[in-house]
Amino acid sequence: MKKGISLFVVLVAMAVVAASAQANHQASASAAKGFSCKSTFTLPFVTPLTGGAAFLGQEQMSWASYAVKTLAPKLHLKVKLVGGDTPVEQGATPAQDLAQKYVGDKSVFAILGPSTSGAVAASSATYFAAGIAHLSPSATRTDLTKTVAGVREGTPAFFRDVPGDYIQGPSDANYMIKTLHVKKVVIMDFQEPYSIGLAASVQTVLNAAGVTTIRLSAPNTTTDYSAFVTKVPSDADIVFFPTQKPADAQTFAQQLLEQGKKAKVFGGDGSNDSTQFKVPGSYVSNFAPDITGIAADKALVSGWQKANPGKPVGSFGPPSYGAAQILLNAIHLACVADHGVLKSRRDVLRKVKQVSIKNWILGGTFKWSTKSNDPLNAKFYIFQIQSDGSYKLVG
Amino acid sequence: MDTFIQLTIDALTLGSVYALIALGYTLVYGVLKLLNFAHGDVFMVGTFIGYGVLQLLGGSSSPNVPVWLLIPIITLAAMVGCAILGVVIERFAYRPLRDAPRIAPLISALGVSFFLANSMQLLFGATPRTYNAFNLGNGELYFKGFDIGNVRVPLLRIITIGSAFVLMIALYFLVNKTRTGKAMRATSYDREAAAMMGIDIDKVIRFTFILGSALAGAAGVMFALRVPTTAAIGFVAGLKGFTAAVIGGIGSIPGAMAGGLILGFAESYTQGYVSTKWSDLVVFSILIAFMIFRPQGLLGRADIRKV
Amino acid sequence: MTDSTPHSSETPASGPAVGQDEWVARHAERRLIRGGPLAPMEERLRAVPWWVWLTLFVGVMCLLPAVTASGYVRRVGFDTVLYMMLALGLNVVVGWGGLLDLGYVAFYGLGAYSYALLDSDQFHVHLPAYVAIPVVVVIGAIAGFLLGLPSRRLHGDYLAIVTLFFLQLFQTIATNGDSIFGHNVTGGAFGIFTVKPLHAFGHNLVVQHQGVFAVSYYFVALGFFALIYVALRFVNLSRTGRAWRSLREDPLAAEAMGMPVNALKLMSFAFGAAIAALTGTIFASLSASVLPLTFYFVLLITIYTMVILGGSGSMRGVVLGALVIGPLLELLRDPNKSRIIFYVALIGGLVFAFRRSRRLGIVVAATLAFGFACRAIAGALHHSWIAGSADGGLQHVVSYWLIIPKHLAGWIPPVSYVGVICVALVLTLVHGRLRLVLLPPTLYLAAFVWDNVMLTQPDPARYIVLGLILIALMIIRPNGLLGERRVEIV
């Protein structure tokens, strides 16, 4: 029995070696001559595909693959989208492993993602050293593109097509102060980087304007917010709820109603989903208007819906489409400039900031800011949920 | 005072769900001396079964059956589904290991837990599913109810707490007043002696798993009626139910009920009065203190090891 | 490593002998001395001393950077070395001490965080490696000792519970440690991301050249691994090692014999924790950051699988386990490689089960025939049902045998997945000819599910494989590949 098992193990080991040899062969194939733009590019998408944040990654992946499928042929490019799973439960290691993998893969010229700010921090230096552009559709931590307190976690090779927390926080807070005239606000965070960053920036602005703020912190695994609802004072005007799960925002708002509290829920861009979060009177902020309302996007949205029946449009997906579009355009520009044979990844990196897209999926024209690797004039839109569940633009 | 009442109601709601999950742990431990780590994931599967049946019956916005019939149907479906799942798990992952060292079924349970959680994610994706009980009957579950002082106790919570108590009473009768229940208790005292007395151990264990998993299924529906569910909630729910069982005394049925309620109260009051941030820490510290100073929990028997 | 069970050339082949426990009898190790051409070679191999094997192994591992310039392979190699170290540490607690420690990765995290606090911008302390590493190891040992203190009186399941809660406790403190009495200690959910690489005498250990993982860290990790292995080897052969083994076999008897059982338990905790903390420092210094969620349940299960697969109690076993599972997990990310592994494992499993008999030939032929038949039927019904394979390579070859539809209807994945599990379970219930008859359809269905359902989402599929390995191991071969059989007399 032992011999059989050892034989079996040897077989598996051989399979392992055979499989990994395949990888090496691929890597050393087209080394020094330059990469022909007619061969297939690999576009990895580094995002959490399993674990607690899997809903984020899977939504983004579906939009990115739709983008690659529809846009790559128009740019005369053959592109293969692959997923790189960085579960939030595993910290920096998957991001760094994947960074090594893609740096070694000669058909990779740009990276979509990483989607989580932690993964960006862990792998940006590697990508920068190898000259690979990486564009994230959702990593909004401020210090990834700006220096905060002397620290900048992102490198010049990092870009993002959504504005950072430094825009969302103040714009939400200012809306609350100037339009809603709040006196007392409860601010929640969920003990993970996205919400902590947003909550902190909102709280700073509110405190500076003299609004009373109460900060509540929920463990990441909380599903039942009843006790938190109880802690919301009956005279609080708004509960700022920067969750990434619209279903939680919905539940929280319902429980507020259940307990007869007058406070309204104010969600960040993570709770923007009209099929899941639709309690009337609540507010949602987002970096784009609802794309189902943008005329230029109609064909796009219906095409995506046909390919993904039954799934809600969501708010994390469209920026991934946009990100893929920008990267594909950058590769296209580099190919044109290099006359069809790319010499290095830095050629693509240099072209990223030259990309500008009219009738962009999130509305208007997309341009880069000259001062940072963020979009130009990015602003946040505030919506209020109407009694029929639709989102109306109010700020 | 209102806060206190509200927190108490929250505590009772939370605690009922924890108690139902804890009962499953305790029943299995009593009979098999096995900590069934997969129990939390059976609970999670129960929430999905309930969701599936709800969608089959038209969804919460336009159900094909009246509300008062809908909820018992989904609960029953979840209970049956989870019972089947529990029996399958027991038959294939635990029974071959019945005479193995104690570490073996424990690790097998860890494997089953992992397998279940990731299988559900593979098959159904990671999007949270909500029952949207808010829409049932135009929000009557949330707005109708009776008042205690200034605090309104909505129908949904009454249903949750009520069903949990009904199930616990039913369990009590099953275990204490029926022959199979007596066989269960005998097996939990001494398995070999019970076998020698002519009790069919396999049947008793299967019955235990059916009971425990059915309770988990019911807990799942009670839970998911109020909050969204994903494939990842099994681990934490299992941990909490487990904590409750241990506090109450693992192996003791009234202990599990008490433990669940105590855990619900501890969590609720800590979040309400102390700090929301450290509530997990407080709960786990209480638990570790219990384990160190009174490992048999509140109502459990001290483990007497015969040499 | 010599085995402690007695060799016997005659073994009762059927039924329990009088006085022998039934479970022991059913799984009794048959150490028949086999004849044949390989026997003298085996005997000579058994006589080779352990340090020769170790040197050979480390030597082969050192050649890895020479064989491939890929930073990815080197990085995976590095991760595997770390896993090997962690598995060795867990082996001390679980395999030697017999203590089910479910909080092990908390010590790993503790080591990583301690190093992060000693060599980062968090408190602006920058200790050189030769100071930081011993300090962290000592911290780890103390923490293990402290965890062991209340656990002395707990056995088995209770110990598992307490250690699991300790893990949860660590997780909670690390996540919320950005406001302990007003001080930002652990960086909270963001973690600490300014950790510096190992440095000594003014030189930093190089992490990467132009983005590609540099070998220096890999060699350092190998060096530490060799160090730990040698140290554990000596401990195992010492009095403490023997005492641990007797404790694991029967704690009551050990106590009756006068062994200081509590002290032994504490030492085993401390040792395991110290090794984990050491591994943590290397990890933290390479990653340049520590995040709380890294040190949680998924990692725990992974290391446990490695230890169980290799055989708890056997140092070589757990190293082997880590060597198999570590790269396997990484390879299963890629659908193409997953497919190769699946088919190799399938064929290997068949060979192992039927062992060059006529039945093997029958089963393989039947499976192939069944597959071709099904595919032909499906193709005849609707040609898009078999038109799905777009990639080249193995998938295209397999698509001549397997049904790979272009579009999968929504109900097919859950139904086929549950179906294959049910059929496989039924297979374990039936015997003889019925089993042979059912096997080919089961294999075909499994291949179908693997290709069409599991490979579309390789990431949860990886973990499903891990869970299945754990369950199957415990049922079929609980002592893993190289472990010793343990028997608990109840």
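To keep things simple, chains are lettered A, B and C as they appear, and every chain counts its residues starting from 1.
Simple rule for what comes next: a residue touches a chain if its C-beta (ideal position, glycine included) is under 8 Å from a C-beta of that chain, and two chains touch if they have at least 3 such contacts.
The structure presented is a predicted model; accordingly, all values stated were derived computationally and were not measured.
Enquirer: So that we know how the chains sit together, what is the shape of their touch graph: line, ring, star, complete or other?
Expert: complete
Enquirer: Just by CA atoms, which chain is the most central one?
Expert: C
Enquirer: Once you find the CA centre of subunit B and the CA centre of subunit C, what distance in Å lies between them?
Expert: 31
Enquirer: Taking each chain's centre as its mean C-alpha position, how far apart are subunit A and subunit B in Å?
Expert: Centre separation, subunit A to subunit B: 36 Å.
Enquirer: Tell me, which residues of subunit C touch at least two other chains?
Expert: Touching at least two other chains: 172, 176, 297, 457, 460, 463.
Enquirer: Going by the contact rule already set, what residues in subunit B reach two or more other chains?
Expert: Residue numbers touching two or more other chains: 118, 121, 277, 280.
Enquirer: Could you list the positions in subunit A whose residues touch two or more of the other chains?
Expert: 50-51, 191, 217, 219, in rising order.
Enquirer: Sort out for me which residues of subunit A touch subunit C in the complex.
Expert: 4-9, 11-16, 18-20, 22-24, 27-28, 49-51, 83-85, 87-93, 96-97, 99-105, 118, 121-122, 125-132, 151, 153, 191-193, 196, 217, 219-220, 309-310
Enquirer: Can you check the complex and tell me which residues of subunit B touch subunit C?
Expert: Contact set of subunit B toward subunit C: 29, 33-35, 88, 92-93, 96-97, 99-108, 110-116, 118-119, 121-124, 235, 239, 242-243, 246, 277-278, 280-281, 284-285, 287-288, 291-292, 295, 305, 307.
Enquirer: Could you pull out which subunit C residues touch subunit A in their complex?
Expert: The contact residues of subunit C facing subunit A are 68-76, 79, 121, 172, 175-176, 188-191, 193-194, 208-213, 283, 286-299, 320, 324, 327-328, 330-331, 333-334, 336-337, 340-341, 344-345, 347-349, 351-352, 355, 410, 457-460, 463, 477, 481.
Enquirer: What part of subunit C is in contact with subunit B in the complex they form?
Expert: The contact residues of subunit C facing subunit B are 22-23, 94, 100, 150, 153-154, 156-158, 160-162, 164-166, 168-169, 172-173, 176, 179, 252, 297, 301, 304, 308, 413-414, 417, 425, 428, 453-454, 457, 460-461, 463-464, 466-471, 474-475, 478, 486-488.
Enquirer: Okay, in this complex, where on subunit A does subunit B touch?
Expert: Listed in rising order, the residues of subunit A that touch subunit B are 50-52, 54-55, 57-59, 191, 216-219, 221, 223-228, 230-231, 245, 247-248, 250-251, 254, 257-260, 276, 311-312.
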